[in-house]
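Have a look at these structures, which come just after this line.
What follows is chain A paired twice: with chain B in the first complex and chain C in the second.
Then we have the complex of A and B:
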């Protein structure tokens, strides 16, 4: 063991020395110079006011009279650009025309807008209304009589319903000193995003407001944006509890991963071009030692960078622990990609694909942190919780990180399967490499008479089939959750059928793709009897592993309707008679057995047959899932 | 560069231009054939599709979170108390999706909240200085919190407007009347200002990355030396590789724009958008060629290229009239003379940059 560790460390040292030579001082200097130039340009731009990240600058054209008070409102809104009323034609040179009727004294009495009859016209009208609201806020902020300008002051606090309330002491009075109010710590970034909301008018209003309000309100500065604080200010300054700042900071953790996997992928593929890795392969080092050693420096770099970021943005050890599985998955997916890719060009696409997929997988659920438990699917949600200073239970932490860590380990296992001479230095399409990598993990199953059915070697071979299927469960899990997250926003009538078919397809592929690999690579004999045997073995493996994932219940994921559709077979069986219960327990086994056998028989023929039987199995599976969902209601 | 090499290059330059052109086209064709064989272009399109689908999902999801209709059009039930409650009720009658129930005192309202009879509590009291103080209690971290708070804000803003109107006499300048509310989806603005620019610029990065990979791979495997033995000049090699990388970009962008159009999102000024993105692709590919020529190896080249693209696009987007904004204005049909001038300027910059890089490489050759 110690010996192995020493070997791994030796490879790691060698990798560090090589990588250090890769990006030399000149390159670093050039990169630094580039960044400095960019910083200088940006700084200069900021100084002269030419910089603004408004992507929607001037997208709507509003025809407004130059001396109308509305011209100022339009001028102030970045998305709107004023055009002269004379000669303005709706839909051609303007999207919106503003008509205001002014009294003799110059005040505006009524206003009407005419928008072009398109979606753009509607959007322009909505944008204009917002611009006028913002303009009014600014106008009011400049008022001397703050009581008339902001007659309503709001104290917003978040209270959990289960918590005991201290009766009537703060509510009903001036809720000024609300810092220690009920549920004050549970607000979850309620005010956190105020500063970045860009509602300058509102923020200004508040400071004026606070200044003149005197003793009434101690903390009117909503614009400050401390995490977890309650909101006090005018109604316009209320913002919903969306953990914007924490999310942005959580995203910072993902950025360095992209550079890391680029270097790592190059390093792995370098071994494979021009047979450079061959000398290492013929040493007494095992592939596991080599890969572990090559990966170790990158893991260390990831941990180091993550820790630095955590210190910088105020995250704790939980943030680092939560980001580690993400980093490992980034590296693992890149490793597999680099093992499968034929050229650097292909590797670039694989790297881009990996970073896009994993970034979305980690980031998108975290957006819904305070909204739904599904968010815990991503370890980044833990980071958001950590940055908000909220407590996370051990179960939640485990649920968030374990699937990703397991997935990373399995991906490394998959890639290691082809870390051998005959695969490393050959040029094969990615799909065929994948079949190779899967077939490596299988043992031969020959056609045999009924008498040899319980032969020990045969059982072991079938066991490896079942095990491989079970290993696919984390990926099935990830794919299904991704599907749930994607379909979350759709209405239930659309999302449920689509989801059922998608999930059935994902599961059927997971159960049969390695069987196809086995038949294609000649590991399994191409007979129907073998096909049935491996199909049943795969189904059993899947069934057992799926039952093991009953863990999902622990975090209440199944409370969601969509979640129940995905994990229907493991949840929501309370209140049914024992016979139905038993039937429900074993019905999935029968279903998996049947569907996988169908697919396996197809896989034992050829690709076309496999595609057809896979479609058939998916349909059967989807029909069954639909039955289960409607049974559970 | 050796004397023989120079002589050869001179020879090639003296030969007729058709040979040069066919040399470039051959190299470009070889590049494209490689892409086709590896089906990388399909992977690239799949990645773009994924990004498009997910960014749309994100926005649709967020919008539905902020849209009370998303939760089955449920009304937010507000338990309310205090001496200013009747004005709050008046405001509630003007706001869709919020209803106010009056309770005797703050305690009773909070009991109702605690018993789930109400979604939120608002206690509105008048203070001595003529202000109204509203203490709002919203449920903590439940699925509906965001929707409830959005509705409460709407309610309280209406309340504020009403109260402000009552006090208009004390104001030196009265607020402008608001135009009528219209139904519009925020998704519309997002589509044109974020989604379309992203989809148009993704192929740009991919092309640049391809150029870096293609050149550094040849250097790495020593095949560039072989290529230089062939009767083509170094400049033609660069031309061929750049041509292939630039050629695949507009097609992808056009694909997205047509897809969006089929999906009910009309995109205006397609030729200008394509011209702008082709110019940017040329610019990025020129940078890619320069980086691969200067950097010692592939890793350094990719690293420098990533940083360079980040700087270039980050900087350009932050500037007023950046390419992202230009594409948005072109696509939404709000372009004016400055936008056209911007497109022409980008084309000019790209041409100058490529010409400069090509000369640099043709004279100094590749390192490595």
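Then we have the complex of A and C:
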């Protein structure tokens, strides 16, 4: 193990040296000079600020009495210099004069402000006005009674109740509830009597008290109870207080990834171009050692940059831990892309595709932080929470990061499948490379009589089919989450059918594409018996792995209408007989078995048959999904 | 040192190597020759552990070809030698020495010795700025950084100028003298003849001839006599009969070369017939030369077609393949697609 680690580190060290050697010295010097200039400007600015040299300080002279109510405002404004009213002359010794007209008791009755009739006088008046406003704001903020300082006017508008599934409602809404409509009343829609408590109500996280449980929407709280039932909603129905600053800062974490994957993808493809990496394959190092060594510097760079950004924007270890799976997925997807691409031109498309897709996946859901559980699809949401100083449960953290982390591991595994001489240097289209990568993970399944059905070798081969299907679950999960995140803002009459068909298609592809690869690459015998065997094996693998998605229950995603449509729900099964429960439990297995077998039989013929049977399997699956959604309401 | 038994490598429906068996002794330079698509490179890659055999066993230096320990004892030079162009020869070779766990002081010595012998001076220049010959030398030096027992060289002199080629061939002979076992493939049969102790001839994935170069020549080639006359020999019946008896075509046997005429005949009876025919025409024989068959001729005899890009100087006038007979070992029972897939040689 230590030897292996040493070998990996050795490759990593040389990868760093090689990558460094690839940069022209002049370019490096120019970049360094630019960095120094930028640092000097920034440092200079900071230094100037630190010693208090402000170019706009003491620009205007304001004549004001020391006991004037405006004296403090003038004193506090850096651009204004107070001068005595006595002897002040407009345009000469003062740009602006504040005259206090006092009563006999000495109190100020009225105030007159006069500025010199020059442009400087006009500017001084404007600066004076701003200084007074800022002074008043500070006084109000210091006031103990905030309600008195910042009074709120609420206008109630009553609207007619509408069906939860009409054109206007969206996937985020709880359908069929008996609530009070948008806004709700004081008892049902909010969590308290006054506005401030209502805002904080989400922090309670008690779904039974929230507006959603009552059927209406509560105003989402800022920074608390993100996954309580009172927080569900969508942009179509609510105006959430988006955490813009945190979101913007979270986005900063994604920016360096785009540069990293360019360098990493080029390095991997460079090994393949003109067989440059062939000698490495003859060394005692395994492909895993080589890839790990080549990847390590980029992972280290990602961690380093992420940590620096976290320190700069006020994030903590949670931010770094949340961004790491994103970085790994960026790198893993780029690795696979670079292993499949035939040229740097193709690689460019791959890296741009990876960048757009993963940025969308990470950023778009995070926009709805504090609004809906869908936001937790993205690890970036954890970063937003971290920047807001909010706690995140282990389940939420796992839900956000596990699919990406697992997906990254599996993508590396997929790419490693073709990291060998026979596949690495061939110029095949990306789709054929994908089939190669899948086929190398399968074992031969020959046509066999009934007596050989339980042959150990055959069972192992079918086990590899089931395992490969199970490995597809994180990708299925990610694809479905992306579909949910993309569609949840649309009206349900459009989005539900699209979502259910999309999900059916994604799952059917995940269950059958490697079967097609197996038949195409001659790993499986092209017979119906073999097709049925591998189809059923794939279905069992999918069924078992699918149960892992139960994690969504832990974070409340199925409280969303769209969440239930995508992932199903165990709610409402109380009181059913064990037989019915067992039937419900195994119904998906029957569906998967039938649909995957149909697709497998098509895959055993040719591409056209596979496309047709895949379409058929998708339709059957989608019909089943509609049935399930209808049953659940 | 190398044992190959029942080697078969297929890519889908295409068989790149079929039922290949051979053994290489320690300290031997062993050649694999054959036309494009014959299976030479695939065989070498299996030996190097780069390609997994579909069937059969390959043992190198006492280790199976998929054993990482085998790779420590083997140096491989692929047909192309693309290097990391941003590195210098020294950094590149040190990198590979590092991967083979060679201590840095030993690596320094070994690298310096190899580069000295290969006469590569620009050791701090970027590899990307070097000529093809210089890069090839660096690649050869790379194959030696782990001081391997076995060297597998695929077309080591491919595309090099004559001076560099001779240097590489001479270096290969020195490796043999140093006790290394070298397996060597080449299109250029002259290179094979000049370096290899034994060869196998491959065609369409199969070994169709094997043995020492002289032994193969003896089995598959024939000595010919080039009879030069100062006049064109009279086309007498006696000459026609003699050439026909020897299997030569009278029409092709006589060729005008400058101010003389050359008649290529297979035996001394035919030489006598040429002499008589020249006398009938009023002239005589001015020169007789004996010519041994080259490996090129042997190859033509076995495979039935000329080597692509063959070396012609000194190898006689072999201009076209007219369908020679198959070798004894040749087995044409298995039909294969005409074009090999990508990745197969």
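In the analysis below, the second predicted complex is superposed on the first by the 409 of 633 C-alpha atoms of A that agree within 3 Å, B and C clash if a C-alpha of one lies under 4 Å from a C-alpha of the other, contacts with A are read in each partner's own complex, and residues count from 1 in each chain.
Here is the rule we use: a residue touches a chain if its C-beta (ideal position, glycine included) is under 8 Å from a C-beta of that chain, and two chains touch if they have at least 3 such contacts.
Just so you know, these numbers come straight off a predicted model, no measurement behind them.
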First (chain B), second (chain C), both or neither touched by A:75: neither
Partner chain(s) touched by A:396 [first = chain B, second = chain C, both, neither]: neither
A:127 touches, of chain B and chain C: first, second, both or neither? first
Residue contacts on chain A - larger count, chain B or chain C: B
Partner chain(s) touched by A:274 [first = chain B, second = chain C, both, neither]: both
Which superposed partner A:447 touches (first chain B, second chain C, both, neither): neither
Touched partner set for A:58, first chain B, second chain C, both or neither: first
Chain B and chain C footprints on chain A, overlapping residues: 22, 273-274
List of chain B residues in touch with chain A within their complex: 34-35, 38-40, 43-44, 46-47, 50-51, 53-54, 57-58, 60-62, 64-66, 81-82, 105-107, 110, 113-114, 116, 121, 123-125, 127, 129-141, 143, 145-146, 149-150, 152-153, 156-157, 159-160, 163-164, 166-168, 170-185, 188-189, 192-194, 197, 206, 209-210, 213-214, 216-217, 220-221, 294-300, 302-304, 306-308, 311, 314-315, 317-320, 324-325, 328-329, 332-334
Chain C partner contacts - residues on chain A that touch it in the complex: 7, 10-11, 14, 17-18, 21-22, 273-276, 278-286, 421-423, 425-428, 521-522
Parts of chain C lying in touch with chain A, wherever the complex brings them together: 11-13, 45, 48-52, 68-69, 71-72, 74, 76, 78, 80, 82-84, 86-87, 91, 95-96, 98-101, 139, 142, 342-343
